[in-house]
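If you scroll down you'll find the structure; I have some questions about it.
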């Protein structure tokens, strides 16, 4: 209608199957129903989403909550606020080649791990090391761009890589590897770093000036996420519609991976999709503050707002692979 | 001469083909994985296959590049003229410009994006900001090294500074202006694509980024080939103009050919 | 054929008595290039006054500062001491319409001869404002007419490097003349020409001067040329030059080539030679 | 002249300072967030504070850049000489080179890394591959436009092609060689840093990458300032040499100053 | 003072009778620049044979192809038809040690005069191999001695643009002479000099030739100069030139400046003038 509010929305990365909910919502007019005109742009990293929203270039985006914690510590009045926590589980993981002889995390000592600078996996490694009683000095870190991690791992330049499992798993697939058979995965969640990760964040400005739009945005995304959980093919249709360059087959698997490994969890089943548990968040903030050596620990309320979530009964997500 | 010319062109074409054949053979012999360096034949196949999808992206990149390039040439000529003529401008601008161009534009693109949003505007600005410096340098040097004897011809007539610039400085500088265009146009592509990889939903840069995050290396290289092809096409156009405009400066080659 | 009038006052006449308005005035003008240890004095303090419409020839040994004087008058060189007044204003070459033929015929290499010759019309008013309008072809015809006069018919479309040395020099002369300047500065305009072409051009130049009465300052090494063309000849000493002699030449006009072989003319030549020999030996003695 | 020179230098310095003051004021007036564009004063403070930490990185980047630059200059001069002298080389190499330089080097760095491992080697190669083209172009153009009259002086003596190149072509081309060095040195920094951001554990590029993921924008800019400073410092060195070598070509300015 | 020997055979003597070995031979050589509609014939079919040690002057109207002949001999221009044999080999300027003074004294602008003059020593054997060794200062002294001879003492350290036109021309001559060439090609080497400097240089050049007996091909517009220096004068017609006259000059050597004013010498001049006038009018009639 005439009163449509335009929202500039940035993704966490280039078009991926795991973003299907946003394209689905757009294609099925969910945003329109809420009186929103959402413009979706591709992103340059789930951490950069925070910068983009903070600077005012974007009103909302899909990005990493840990980057919000980091910024909220310094500039609580400027940092964006997470309003819908889609990825309930952390994708942070260390992947190693089985032939490298790493069988437990203790074996990291004396080996080289490849990290992409600034990614939470790389940044939180010291916490991982401390929490698990490893000797940090014995682990060598080599920096490289994210898309070089898997090739260098395969080539044997590094013994393990600090990655997002949802990215790395499919990078290995695309590199004609079998990520389950030939590689070992050490998920941070399993080693005491029970963090939250990506979700929908909005700018403080939008929050203050147009809370109705925020609520509408969350409602639409929620509806789409639940719909795509039932029908991934429809989700992929919307995604290809947005960007015909993607490898639809792989992206569908990525989409399913996101539901299976990152969204659906016991906690989600308990509190519904999009919400968090404050005590878990407090712990997560503690980990981030430790890992990033932040001066101040923000409160969960500074980072996450459940004010705009639809009622609990509208947030029951049932995933069925198809 | 025309026969000699033809033979020469044939030679050059053969050498260029040879380059690609060597590449193909190199990959085949070393068993190079196409995830690292695909064979030219694979790249061309991918290119032809994906051309319909690539087409709008090619147009987008070409348009932003050309816009940035044209603005860059304008800015470059203007700044070059100022620097070439005024000693103060030389001392002031050169350090600033060298400093600015020592900065990787990747670091600047996000700033453009934050100011102007993602898409065409930052791509144009990046193309501009990366391509104008070679032009500045060559125009400025050309003007500063113009033989005073040539300028005296006009000075004795009481010509204004602008008359001298227009009638002596700039024509004299043309060969080096065209030389710098060759550099500038290829860097303009680099700039536009760079910006597209950072922030845009369209353009070759975006395609390459998507392809690269999908490890579709042949498609990445197809994108690179498109860029190289566009660069060469524009170079060819400038070469034609250059032949018309700067023939006087390369008369040596004519004499040899005679 | 015209009779030649004998000349009695080759030397010593104070020229400043001339009642015509002054076109060029150098007062105590000297030029030194560079500074400190590298300084090269090019012109000693020189005073020279040239009346409107005079035809003055400047002769002297190589490197004595003749070209420097022309460059002073055209404003290309600033005097180190003294002043240069042209057309009543200080170093204001712009005050008069100046035409200059450089010693080295520097044509702009990216233009054809024709366009090179038309250059003054592109720069100098009143032609300048008419250049872009209809008069362009008219100007081109003018350039080609001049080229034909100096024997370069059909070479207008060539580039400078397609011409021989003497042809370039003739084109150079055309460029100095095309805008009908009130002040003509010619630096050895016929140096690279054979005797006959040279003599033809003398006559053309004399004709031009007699019709337009422009002020002409001609540098030459050919004393016959000076005698044929000039109404006044200034002889300069060796570097750094000064004017050591200033003579009127009063042969009737139009002068002819045949006149230059007559005894009176030869006598003038011999006299001038004697001055230059004196100047040279004096400077060599001084240097030793 | 020395007084005039001093005054001019003072003017230029003042203008450069003015540029930074304007930037500072612009940020203060618009209330620009330091996440987008920090103020110069913030940047300098950060720079001085972090200098001890930055130092080894600066040395690393400087070393790789210089190595790449020197190799690039060598390659550029050699290729430029070949292209400037041979028509076939001109027709063959120019399209390939323009094509190559239209390719964003970001796309090439990963290949270098996979071949040579991360760290110094790809940085040197990237610096080289990004900086040699402006040199090629200017050397080639300089040689192709050398006045045949100058070459005739040597040809009449029966000089070899190499003699002519060495005694006429290259000296004549010097002003434009130095012009291209200004471009090349700044691009060499861009190349080295680019490679460092892709894969390296040291160097300014690495620092900037880390700082950027920490949202420490002033430190990112401090890195940029270091790069700009290094670029300007090298430019200053070349300017000194240039003044010695190409004075003959800019005699015009001397005459004006006299 | 030497007595001048009267000359009787200005014209018509078949030169090929000369028994000395042939240094330069042009057989039916012609040059046309450009092609098609833009073709400029610069030299008609010309046959010319110059014996070793001869001093030949080439005179003719501007643009007739004199410089083109020198450029043919030095290998800078390829003949369109015919052949050029120098020192027994076809267009092999390298076969003989050649020294060339170009019409336009192109000095390399990035070198001082001294270094410009030393250029041939850097290129031509046997000096070349000695250049980097101890002999460098020796060579510099040689250059400066030559400079002093032509009156440019102290200018070795200057750059070309700091010299006057005539000074450059003298430096140009030095560059042609420094490596003591067996074949000397001089294109109007004294055109921009005053009469006295010119006459001094004539004597120096004559002296050099009499001691070294190099083959010299001199282009000049000054018939007195040709008569003073040459042992043979070739007169060319207008463009495209051919040789229309080929005369011996048999005045005894060393010749002096005073000789040039004597009646026999003047008679030679008048005869040559007549040839050139003929050639010019014939060509103009042909063109009309």
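We just call them A, B, C, D and E in the order they show up, numbering each chain from 1.
Everything that follows uses one rule, which is that contacts are C-beta pairs under 8 Å (C-beta built on N, C-alpha and C of every residue); 3 or more make two chains touch, one makes a residue touch a chain.
If you're wondering where the values come from, they're calculated on a predicted model, not measured in any experiment.
Across the structure, the highest number of inter-chain C-beta contacts is found for B-D. Taking the mean of C-alpha positions as each chain's centre, the chain lying farthest from the centre of subunit C is A. The chain with its Cα centre farthest from the Cα centre of subunit E is A. Averaged C-alpha coordinates give centres for subunit B and subunit C that are 49 Å from one another. With centres set at the average Cα position, the gap from subunit A to subunit E is 87 Å.
Chain centres here are Cα means. That of subunit B falls 16 Å from that of subunit D. Subunit C has residues 33-34, 104, 161 in contact with two or more other chains.
Within subunit D, residues 36, 114, 147-149, 197, 212, 246, 249, 251 each touch two or more of the remaining chains. Counting partner chains per residue, subunit A has residues 51, 55, 147, 151 touching two or more of them. Taken together, the subunit B residues at the contact with subunit D in this complex read 8-9, 11-12, 15-16, 19, 36-37, 87-88, 91-92, 94-96, 98-107, 111, 114-115, 133-134, 137-138, 140-141, 144-148, 151, 175-176, 178-180, 182-183, 185-187, 189-190, 193-194, 197, 205, 208, 212, 220, 223-224, 227-232, 235-236, 239, 246, 249-253, 255. Residues of subunit D touching subunit E in their complex: 147, 149-150, 152-159, 163, 167-168, 171-172, 174, 246, 248-249, 251.
On the subunit D side of its complex with subunit A, the touching residues are 33, 35-36, 110, 113-114, 117-118, 197-201, 206, 209-210, 212-215. Listed in rising order, the residues of subunit C touching subunit E in the complex are 33-34, 40, 59-63, 67, 103-104, 151, 158, 162-167, 170, 187-188, 191-198, 221, 223, 273, 276-277, 280.
Those residues of subunit A that touch subunit D in the complex are listed here as 47, 50-51, 54-55, 67, 70-71, 74, 78, 117-119, 123, 141-145, 147-148, 151-152, 155, 157, 292.
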